[in-house]
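Multiple structures are listed underneath, in structure tokens.
One chain, subunit A, links the two complexes that follow: it is found with subunit B in the first and with subunit C in the second.
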Partner chain A sequence: MKKSNISKRRRKEHLIAYAFILPDFLGLFIFVIIPIIYAFYISFFKWDFINEKIFVGAANYIRMWKDMNWWNAMLRTLKLTVLYVPLLFCLSLFFAALISTIRSKAGSFIKTSFLMPFAITSVIASTLWMFLYNEKRGYLNAAFKALGLSNQKFLGSGKQALVCIIVVLLWINLGYNMILFLSAIKDIPESYREAAILDGAGRWQVFRYITFPLIRQTSIFILVTTTIASFQVLDLIMVMTKGGPAKATEVGALYIYDRSFNMMEMGYGSALSVFLFFSLLVFSFVQMRLTSEEQGEGV
Partner chain B sequence: MKKITALFMVLVLMMALSACGNKGTKEDSSEQTGTDSSDTTVVKFWSFHAGGEAEFLENVVKEYNAAHDDVQIEHTVVNQSDYTTTLIPTAYANGEAPDILYVEPATFTKYAEKGMLADLSPYYTDELKADILPSALEAVTMDNKIYALPIEMETLGLFYNVDMLKDAGINPPATWDELYDAAKKLTTDDVYGLVLPVEETAYTLFNWWPFMWMAGADVFDDDGNCIVESKEMIKALDYWGRFYQEGLSPASLQIGPWDIGNVGTKAAAMQVSGTYVINAAENDYPAVNIGVVPLPSPDNNPITVAGGQKLAINAQSECKDEAADFIFSLYGSTDIKKAGVWTTEAKFAYPARQSVIDSKSDVFEKGLRSTFTDFYSTAVPEPSYKAEVTDAIGKMLQDVMFGGVSSEDAVKEAQKTIESTMNQ
Partner chain C sequence: MKKEPVKIILLVVFSIILLFPIYILFMSAFKEPGELFVVSLWPRKISFDNLKLVLNPKFLNSIKNSLFVSATVTAVAMILHSMCGYALARLDFPGKKLIFTTIISTLMIPTTTILVPLFMVCKSLGIENSYAGLIIPALFNAYGIFLFRQFYLDFPKELEEAAEVEGCGKVRLFVQIVLPLSRPMIVPLTIAFFLGTWNNYLWPLIINKKEEYQTIQVYLANMVSGYSTPWNEVIATAAMSAIPVFLLFLLLQKQLKEGIKVTGIK
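== the complex of A and B ==
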């Protein structure tokens, strides 16, 4: 009697748990999984939104292979990722380590200040930074002038534009990632650090041998998510440069947008998205594999 | 992934917007009008206007709905930059596109070629056809079918800050050399000599066309052959590119290149912009002395471009007659009052109909408008090319403006790209 009561209750608990997950899962299914499958399907068609879809087999993928504009855009995406991800990682870790040593109330004030840009809509953040970057009347050039440096074009320069966008990305995302690191650091029992210090470890050694290895999970998470995010940067660029000057900031996501909507080539746009999706999948998989292997050795 | 998700959300949102035509009209319309109207047809109309223009549209829709029991216009205002990029194509894909939509030269050919627009020829009376300026009618005609109703003509001129030029001892430029010299003299550490558009957009091309034509160049000849690779095109590109290469024109802009705020806030001494900023120049910057002259030309023989929105009807629409009745009663009827209000009060533009121009002649002589009216006859309609052609010309400009590519190489590449798309 009693036994069956328990299992009944358990079953009920399970049911309730699933019921709680269901809305989330439904959302994921409708808004993420189905669109991905549909994009994959569309990528084998020539489709302009209006007329009948024409099955073209792998033609879109063959076209992608030969499309130099696409590979140039992907190269720019890669450049952005290679610059942005390590910078974000190191800076947020550095500030997290620094702030974790602050014991006073100032710590939470600094934390909040760092997090504030994350709460700002990306479009507003872009507009804000355009004021700073403005060539003739921007604050940055005013500061440069005070230092005796010449006016810079920033977003108007083919060489500087991508870096300018990376700076805004850093500004927006630094606080959030720093908080993630910070909470991971806070989870490390104080006794580990104390023991190390007793054994004569310096600050750097504590960080290198205690803190850093123990926040590995968070590090992996941040690396993977920021890499993915860096492949998808679109809104900032749409507002600040529209891919210019002379395509200097036309990244993969923007090229997909342009082909899909401006040129109304949804089939081709989908093929490019599918390629981007799978390259990210492989990228993330390799990243996770590499880092988990390290963990295996360590244990 | 995020992008695809966003697109999907847009699609779902569109489904949520109530359906057009006669499907389920009973519930829709009774909800809307509160009257018993089982046969009411709901006509969907999407616009993207703001300010006085939005007010005008709101009023005419209200008035039309009050006067009609059997037809109700459902007016939705959306964001202009999404309008032609994502909203219209995705709505078509869904079968949820509006019955009445706006097209402009940048989208007209693309949409008409794909069969998105209904043939409006049956709704045009001979009288109306004769009244609409021939070039405006030609711009919406394809294979002898008229696919849109022109409602306005917007032309470009050179706006300038009168005091800044006077202080520098410069007369308003009339020739290309004078424009270049003026821009050079007026450019300082915190002022641009001349604001021209920057980004790779249809608006940049709209500004580029008259400069290209004034140099004697064109994209196609009368037989449809691509003639981008020419001495004249190189001359135009060299001239246009110089402003950016030498820092006389911005490489990045805080506010839109069309916004008269560039001259209004004295961030720039001169600016190419259109009839559409006259109201703003008068109302928003009353303290700034703003003047306008025709676009300078190489030989004092100016040409300007005429663009502007046109109204079209969705080819998939189930209520084309009703939709046509609404737009033709507004802009195509013998009662020209509303067509006149649109171009002289709601905004400033030239009407596409001679009778409306004649009836409002006094307005066209007011202030800055009179200059535009003086050179109105030099306006050439904004061309509407296939998306691939527009893309190639846009890239050619960017390459010369910012990419360090010579005009000679840029025209060669554009010629090659356009020829290969024409052969497909």
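== the complex of A and C ==
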């Protein structure tokens, strides 16, 4: 009798557990898992949303292979990633290391200032920087003029536009990543550094051999999340340049958006999405392997 | 640390550079309309003419929509994710590992790659051009579930055991004892979900074409998308719409810094 009581209670616990999990599981299934499967399915069709879907086999993937506009767009994504990720990484680490050494009350003001741009939405940041970048009457050109530099086109220039967008990305995300680094640095026991200094280590040596190795988990986390995010930069570009001038800022994610929602080529857009998804998946697997190796070493 | 003053000066100068664009935004909002593009550090005369342009019904409606959508997403997500995270951490049931792995694997799917099919799914569910379309797809986030699970794994077992002895059921235990003690995780996640939803531009742009449900980000972005941009109104609107989040930010600074540490998410 006692036994059946226990199993009854256990069955009740199972039911409660399923009830607790069901809403989230169902939601993730419908709004994340089904879409990725559906994208894969649609990528074998030609579909403009209005007429019937037509099965075309691998035609969309063959088209992607030959589509120079797509590869140029992906090349711009890579360019953005290669410029933005190391810059953000080094700047946020540099400022975190610097802030961690000061003891003054100014530290709080500095941290808040670094984080302020993060409290601004991407659309506000975009409009604000469009105003600052304004070619004829903007603040940046006024500052350039005061410094004796020539007038720049900024977002209107094919050469400068992508860099201008990277500047805004840095401005928004620097403080957030700096705080992540800072809290990792603060978690290192002070005695480690003191011991090294007693042994005659210089400031650079302390950073190189104590601090940096001990924040590797955070470093990898920031590298992975920033790289994945850099493949997905879309809102800033859509507001500030719409891919222009002359496609200078048309990155992969924007090309997919344009094909799908403006050209209504749902099948082709899905094929490109699937490709982007798998490239990011391969990338995050490589990164995850790196992270688990770190843990294996038992840092 | 002899070099401390040098470091502080360097950092303060850089902080001011970072703050400068925000200062320009608010300062310019108080300029006279004709003076907007006159480069200066201070308005010649403080004027409310730009700000008056902002307070029209469309702007107020979009602020209302954004507040409603962000608050609803945050509240519902907290309830769902804490329940799910709790069950995964503390309850026993068959298939637990498989369910957990499935949930975690969705973390690897970046939103940008599913925008097209997600739109198609929502369209076939008939929730485009509605609050439901803005809210429901924004709720489900495996990272929130994962963080709640991690939090509940470290939860003191004694509390649950004591409650069990008292004859308290699992549901009551969760609602009356576990949830009130979950503040350290609920606060940072509330900030993260609210800011994330408030900031979102792409999804509301895709899923809703009706002015009735337009969010503030879409409203503001639409202003600069035409051939001639009404800059006075844009700057004033940007400044006004930044205020709610700035207030939240200044009030919850400490929790926000703490929250970044705890959650690592935006």
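General observations
We adopt the following convention: the second predicted complex is superposed on the first by the 258 of 299 C-alpha atoms of A that agree within 3 Å, B and C clash if a C-alpha of one lies under 4 Å from a C-alpha of the other, contacts with A are read in each partner's own complex, and residues count from 1 in each chain.
Quick note on the criterion: a contact is a pair of C-beta atoms (placed from the backbone, for glycine too) under 8 Å apart; a residue touches a chain by one contact, two chains touch by 3 or more.
Given the structure is predicted, the values throughout are model-derived calculations rather than measurements.
Clashing of subunit B with subunit C is the outcome of superposition onto subunit A. Subunit A has more of its residues touched by C than by the other of subunit B and subunit C. When both complexes are overlaid on chain A, the residue A:36 reaches subunit B and subunit C alike. Touch criterion met: A:20 reaches subunit C, while subunit B stays clear of it. In the superposition on chain A, contact is made by A:117 with subunit C only, not with subunit B.
By the document's definition of touching, neither partner reaches A:73: not subunit B, not subunit C.
Contacts of A:243 after superposition: subunit B is touched, whereas subunit C is not reached.
Once the two complexes are laid over each other on the shared chain, residue contacts for A:156 go to subunit B alone; subunit C is not touched. When the two complexes are overlaid on their common chain A, residue A:132 makes contact with subunit C while staying clear of subunit B.
In the superposition on chain A, A:262 makes contact with subunit B only, not with subunit C. Within the superposed three-chain model, A:102 lies in touch with subunit C and out of touch with subunit B [touch as defined at top]. The superposed model puts subunit B in the path of subunit C at one of 81-89, 171-179 or 207-215, which is 207-215. When the two complexes are superposed on chain A, the residues of subunit A that touch both subunit B and subunit C are 30-32, 34-36, 39, 130-131, 134, 137, 232, 234, 242, 253, 256-257, 261, 266, 273, 277. The residues of subunit B lying in touch with subunit A in their complex are 1-5, 7-9, 85-86, 89-90, 92-93, 110, 114-116, 189-192, 198-201, 247, 250-252, 254, 267, 387-388, 391, 395, 398-399, 401-405. Across the complex, subunit C meets subunit A through its residues 1, 4, 7-8, 10-12, 14-16, 18-19, 21-22, 24-25, 28, 37, 39, 80-81, 83-84, 86-88, 91-94, 96, 99, 102-103, 106, 108-121, 125, 136-137, 139-140, 142, 145, 170-171, 174, 195, 198-199, 201-202, 206, 217, 220-221, 223-225, 229, 231, 234-235, 238, 241-242, 245-246, 248-249, 253, 256-257, 260-261, 264, 266.
Subunit A contributes residues 10, 12-14, 16-18, 20-21, 23-25, 27-28, 30-36, 38-39, 42, 95, 98-99, 101-104, 106, 109-117, 119-124, 126-132, 134, 137-139, 142, 171, 174-176, 179-180, 183, 221, 225, 228, 231-232, 234-235, 238-239, 242, 253, 256-257, 260-261, 266, 269-270, 273-274, 276-277, 280-281, 284 to its touches with subunit C in the complex. On the subunit A side of its complex with subunit B, the touching residues are 30-32, 34-36, 39, 48-51, 130-131, 133-137, 145, 151, 153-158, 232, 234, 240-248, 253, 256-257, 261-264, 266, 273, 277.
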